[in-house]
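Across the two complexes that follow, chain A remains constant while its partner is chain B and subsequently chain C.
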Partner chain A sequence: MSVEFLVKRLVQLLVLAFVIAATVFVLMRLTPGDPVALMMGQDFGVTQADIDRKREALGLDDPLLVQFGRFMGGLVTGDLGRSIVSDRPVRELLLERFPATLELTLVAMVLSFGIGVPVGVIAAVKHNSLFDRLIMGINFLGLSTPSFWQGIMLILLFSVTLGWLPSLGRTTYGFVPDHVTGLHVLDSLITGNWEALKYSVRHLVLPAITAGTSYSAIVARVVRSSLLEIMRQDYIRTGLSKGLPFWRVVRVHALRNALIPMVTVAGLEAGSLLSGSVVLETVFSWPGLGRLLVDGIYARDYALVQSTVIALCVMFVMLSFVVDVIYSLIDPRIKW
Partner chain B sequence: MRIKLHRRAVVLALGALLVTQLGLGYAQAQKTIRVALTGPIVTLDPANYRNRNTENVIRNMFDGLYTVLPDGRTVPEIAEGVTQVDQFTWDFKIREGITFHNGEALTADDVAFTFNRVVKEGAMEGQTSPRKGLMASLQEVTVVDDYTARFHFAAPETELSVKSAAVFMQIMPKDYFEEVGVDGFIAHPVGAGPFKFVEASYAERVVLERYDGYWGGAPDMPGEPGPAKLDRVVFEIVPDPASRLAALRAGDIDIMQGVLADQVSVIENTPGVEVKTGPGTNLYFFGFNTELAPFDDPRVRRALAYAIDYDLLVEAVYGGRADALYGIPLSWNSEIQHDGLEPFTYDPERAKALLAEAGVTNLSFTIDTLGDNLLLAEAISQMLGEIGVDAQVRTWEAGALQEAVGQGSRQATVHLWGNASGDPQWPLWPVEPGYSYWRHDEFLQIMNTASDIADNDQRIAAFRRAYELVVEEVPYVTLVVPQTVEAARGNVLNFQPHPGGRVNMHRVDLATP
Partner chain C sequence: MRSRTFKRLLRNKWATAGLVVMVLYVLVAVFAPWLAPHDPTQGSLRARLRPPAWLEGGSAQNPLGTDQLGRDTLSQVIYGARSSLRVGLGVVLISGLVGGGLGLLAGYVRGTTDDFLSRLADWTLAFPFLILAIMLMGMLGPGITNLTLVLSLAGWPHFFRLIRGEAIVESQKAYVEAARAMGRRALPIMFSEIARNVFHTFMVLATIRLGIAILSEASLSYLGFGVPPRVPAWGTMISSGQHYVDSAWWLSAVPGAAILVLVLAVNLFGEGLRDALDPRLQH
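For the complex of A and B:
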């Protein structure tokens, strides 16, 4: 990997962050609705002077360019500002929510690849068989089922009817592991708190299934179609004709070459899940980034929305960097 | 081959372990109640919020001078009572022997500190408290002696307005706050309420536990005074109504706030859970921009008021769990209400006749409203359709609607106004801050001066006249007040929804199985 590539990526990140910061800044201010008016309420006792004073204290009465400069200046020094509504540092709010999102993302990804890859491989190998059609049909169903509906159905079945799994939150009160990383499952393992581990896993099952199954359908389709193409290649036929076991050819020679599109899907999935699924977080009362952002938008919490979007944008760029690096690890012909 | 078998065995064993673990039930600590709030809380500083979920948590940790009972009465809590000193001044007598969660005694010093931080300019760490608007014309609170706090108002206020201001702010410990600062206070809030702080994650849950040194609570509050019965209250943030209901049915929560009208029958048919209703305080109204034709003609506004079948709204939109208002502004202040106001009973023929008299034909306009009010607005649109008026409904998100209506760029709106206070001005709110743009000289004269009338009878007479004018001229039509509908599991005892939506856990108990 060349220094040139790294510098290029860094410059790309900075430019993108600036453009996104400017766009979000302008869009939030173009959106009708005033954070202070929404916050102060519309009572007889609230005078225009009170609202003006609050605006002044928050710096909202300054010219837009000054506000933008202040915001960008803060970003450069790592200060993401304070939430207008809760008066807490945005950095603190993001750190509070991020572990929940990260944990769900990781488990959902493991699940989607754990299901998607074997299903895709079998569907490709047994191409046009009954199994292939059945599995692709189910896949299609998984893809086309909205996650809010799927989530509610899972809750109704496993929480309400069967009573096996909890319906909300990251864990049950009283079984929260000591904070190490913020990831409950990992923290439970690190601290050896098996009760907390049990509850954390139980709480993760339904949201992870909901998040994971729609992606497992995508993974399965991608794996299937790339394998189908690869299996027709000459080197596969050569391997098989020289007597290599079939599954060894699939696993070692075919699947490795199908990894590139899988990594692409993984990158997209990670990006999408890490930016927080509002629907999923709402259905499962999961305290992640998506709801933080949406609540911020409703309250016109400028600082919160701007900084959250910037943080997500940086995360996306870093993910795409990681994906590029993985490409070159998988395929030595790809050089950066 | 051996290795493969080994792997399989491990996978099987792990799978079996997972399945058995998942299948196990999980025990709750005794007398821990779980309450589902409808959204995240924003702070634990009692002076810095205007948010119902935040209020629910804060008011279980902090007590106020006065409080509102589930039946709507305003009664003393930390205060023993209030006496008027002069036109602008009121003295609150504080109960002795009340302590904060850190053991410090609550005195008039704490009361003055609490209210001055709210009403004085920039007193909240350089900012002005968003609760200032709830404090009537309160300017300052001074200390008369350890247990008497003097409230100085800028205008003569009714006793009810004074008490309302006292309800809307909970008492904070001055010394502790000054010692730890605002960030320290928010991280570990200390109040004088029935429950003390344990831990909070604003987006997920807040945990409180019983304060054994609690003074006992408002004597008029139904239930047994003394420390709380519950060991612990866990507020869970559950924003989605369908998920809240599922969690209630699954037993993951014990009390559910924000029950939707269409969920009531599901709850009623579910064994082990109960619907709980109480009086409501959200007044829904149909407001017109009276500066735009043809809404500048009172006959047109009156016609539309007669075209609404209020009883049908109650049945169809709220499943009977609402009170119809028939165009009469509702006040919690019984002094203001009078029976002389003639309600707009549903009369489509009269509506048509009034429109014809005003020379209005083919009336077509847009009703702007919030997504939450869509059903109500569409019901009205359909009723208006029956007298030949074409009213299209358009929904908005709260911030956008607030700004658009404030700028006068909308023709009509279906909106709501929380009216838990007995302040006689509040039910007139849909007119005053700009929803109707109604420039009626006599009405504006009353609104600008009535609060300053020192004589109680004269002031009441003035407000009664304002109410009469609203009914005569119809700048807006009051529609319904939906009841507060909540739900609880069957083992929850002594829980009653509060008109203001407040969840008071002090006297709630859990039946032991």
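For the complex of A and C:
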């Protein structure tokens, strides 16, 4: 991988981040309604003079370009303004919520690949068998299920009916591990807090399964179809006819070449897990960025909403950058 | 659609089943006022949280039970088909026409127009669309028109990319050259000759996007950013039903099943359509 490529992609990344921030800024200003009036409400003796004073204090009467400059300056220096509802710096809130989203996303990805890859491999190797058809059928069902509803049905089964697992939140009160990384499972392992570990894992199971299984369907599909394609290639036939064990050919020669489509899926998946976090975190009252965004919109907390959207979008864009870098690392044929 | 393709499609029993279910949903949506046993918005406080008819305490009056306000679940689900299909079909129509039209233009004309439109499509795709849609809907407020437009905004680049690629290939074929030699103008060549030849590919993508649009509508309505609260919609039903998941499971289970069956039918049909149009793709 050349330095030139890295620099070029990084510049693109910065430009894209700027465009995202600008778009969010414009969209927030274009929407109808005076944010301050909405924020302060009509009753409780709020007068127009109060609203005007607040507008001035927030700098909303300045020319748009001035506001935009201030907004971008804030983004660069990390000053994202104050959340009106919780009266805390937005940056603090974002940093506090980020580990929850990260933890759920990571576990869901591990789960989806842990299920999807073996299932896809077996389906491809046993092409057209009963197992293959069954898997493809379940897959199809998975792709057609609204994941938030799947989550609620899992709550219905495992929390309400069987009473095995908690349905809401990230921990049980009083069992929060000491803060090291912010990832509860990891933190409880590091600090050796086994009680907290138990509760953290139990809370993770349902949301992670909901997010993970809907993507394992996609992973299995991609692994299956790319393996089917690869297994028809000449070098596979050569490997088999010179007497290499079948599974060795699959593992060493076929799967390695299926890595590229798998990385693509992983990137796309992480991206949609980020988007999907908004819905899933609402289902499970998971205190992550998605939930923060939804609560911010309900409360008309503009400063919070725009920063959360920008944070999620920039993470999304950075993911595609990482995927591009990984491509060039695993496939020497790809050059830019 | 050519009759040969259609015959091939009908021979695929899964695709046919998908088509039949889709038609049924459309009929249910169109004839909702005649099919629904009750007014979906009118509750009766005496009949609150009634279980489905086959359970203890259920009544034949409300075959699928009632919600916390005593509204009939079956009637709400029937009317909910209207919201889902209206938004789903609207999104596919708008994003398909805009994306497809611009794709034909970019693929045939090329040059600066193509560069500009392709860049625009790439920028749009760089956004995590659900988050953008949630922000826009949160700011604009719930509404079927708003929702359709916002989801179309996110959907057009998919059509654009596909049709642009197809149009580039088609433009090089002999029939386009012949049309040009005969003095046909660019617009008729694009929107009649080429459009006719990429229509099949377009339909396959349109089916796939229909399933996605229906799921997106449900997600946004679930969050309260989609269809307005007073209009019956499956996502909204699931959201309010979730509060009663420990006592009245049918409130969230039934509308979700309605979504699942519809999207499954759309996907089965789409898959069948793809195979019928291009049997080589079949594994």
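Assume the second predicted complex is superposed on the first by the 324 of 336 C-alpha atoms of A that agree within 3 Å, B and C clash if a C-alpha of one lies under 4 Å from a C-alpha of the other, contacts with A are read in each partner's own complex, and residues count from 1 in each chain.
Just so it is clear, a residue touches a chain if its C-beta (ideal position, glycine included) is under 8 Å from a C-beta of that chain, and two chains touch if they have at least 3 such contacts.
Worth saying up front: this structure is predicted, and the values here are computed from it rather than measured.
Placing chain B and chain C on a common chain A by superposition gives a clash between them. When the shared chain is aligned, chain C comes close enough to touch A:L27, but chain B does not.
Note on chain A: of its two partners chain C and chain B, the one contacting more of its residues is B.
Contacts of A:S285 after superposition on the shared chain: chain B is touched, whereas chain C is not.
Look at A:R97: by the touch rule set out above, it reaches chain B but stays clear of chain C.
In the superposed model, A:V317 makes contact with chain C only, not with chain B. Of the two partner chains placed around the shared chain by superposition, chain C is the only one that A:S225 touches, whereas chain B remains out of contact.
Residue contacts after overlaying the shared chain place A:N257 against neither chain B nor chain C.
Once the two complexes are laid over each other on the shared chain, residue contacts for A:G169 go to chain B alone; chain C is not touched. Of the two partner chains, both chain B and chain C are touched by A:I155. With both structures placed on the common chain, the touch criterion links A:V205 to chain B but leaves chain C unconnected.
Listed for chain C are the stretches 25-33, 43-51 or 187-195, of which 43-51 clashes with chain B, judged after superposition on chain A. Residues 31-32, 152, 155-156, 160, 282-283, 298 of chain A lie at the contact with chain B in one complex and at the contact with chain C in the other.
Looking at the complex, you find that chain A touches chain C at residues 16, 19-20, 23-24, 27-28, 31-32, 127, 140-141, 143-146, 148-149, 152-153, 155-156, 160, 225, 228, 271-272, 274-276, 278-279, 282-283, 293-294, 297-298, 305, 309, 312-313, 316-317, 320. Interface residues of chain A, counted against chain B in their complex, comprise 31-34, 37-46, 50, 53-54, 57-58, 85-88, 96-97, 100, 151-152, 155-156, 159-160, 163-170, 172-175, 198-199, 201-202, 205, 282-285, 287, 291-292, 295, 298-300.
Note for the complex: chain B touches chain A at residues 18, 21-26, 28-29, 32, 34, 36, 39-40, 42-43, 45, 48, 50, 121-122, 126-128, 130, 132-137, 186, 201-205, 207, 234, 236-240, 242-243, 246-247, 249-253, 397-400, 402-404, 406, 423, 425-426, 429, 432-433.
Listed in rising order, the residues of chain C touching chain A in the complex are 123, 126-132, 134-136, 138-140, 211, 215, 218-219, 222-225, 235, 238, 241-242, 245-246, 249, 252-253, 256, 259-260, 263-264, 266-268, 271, 283.
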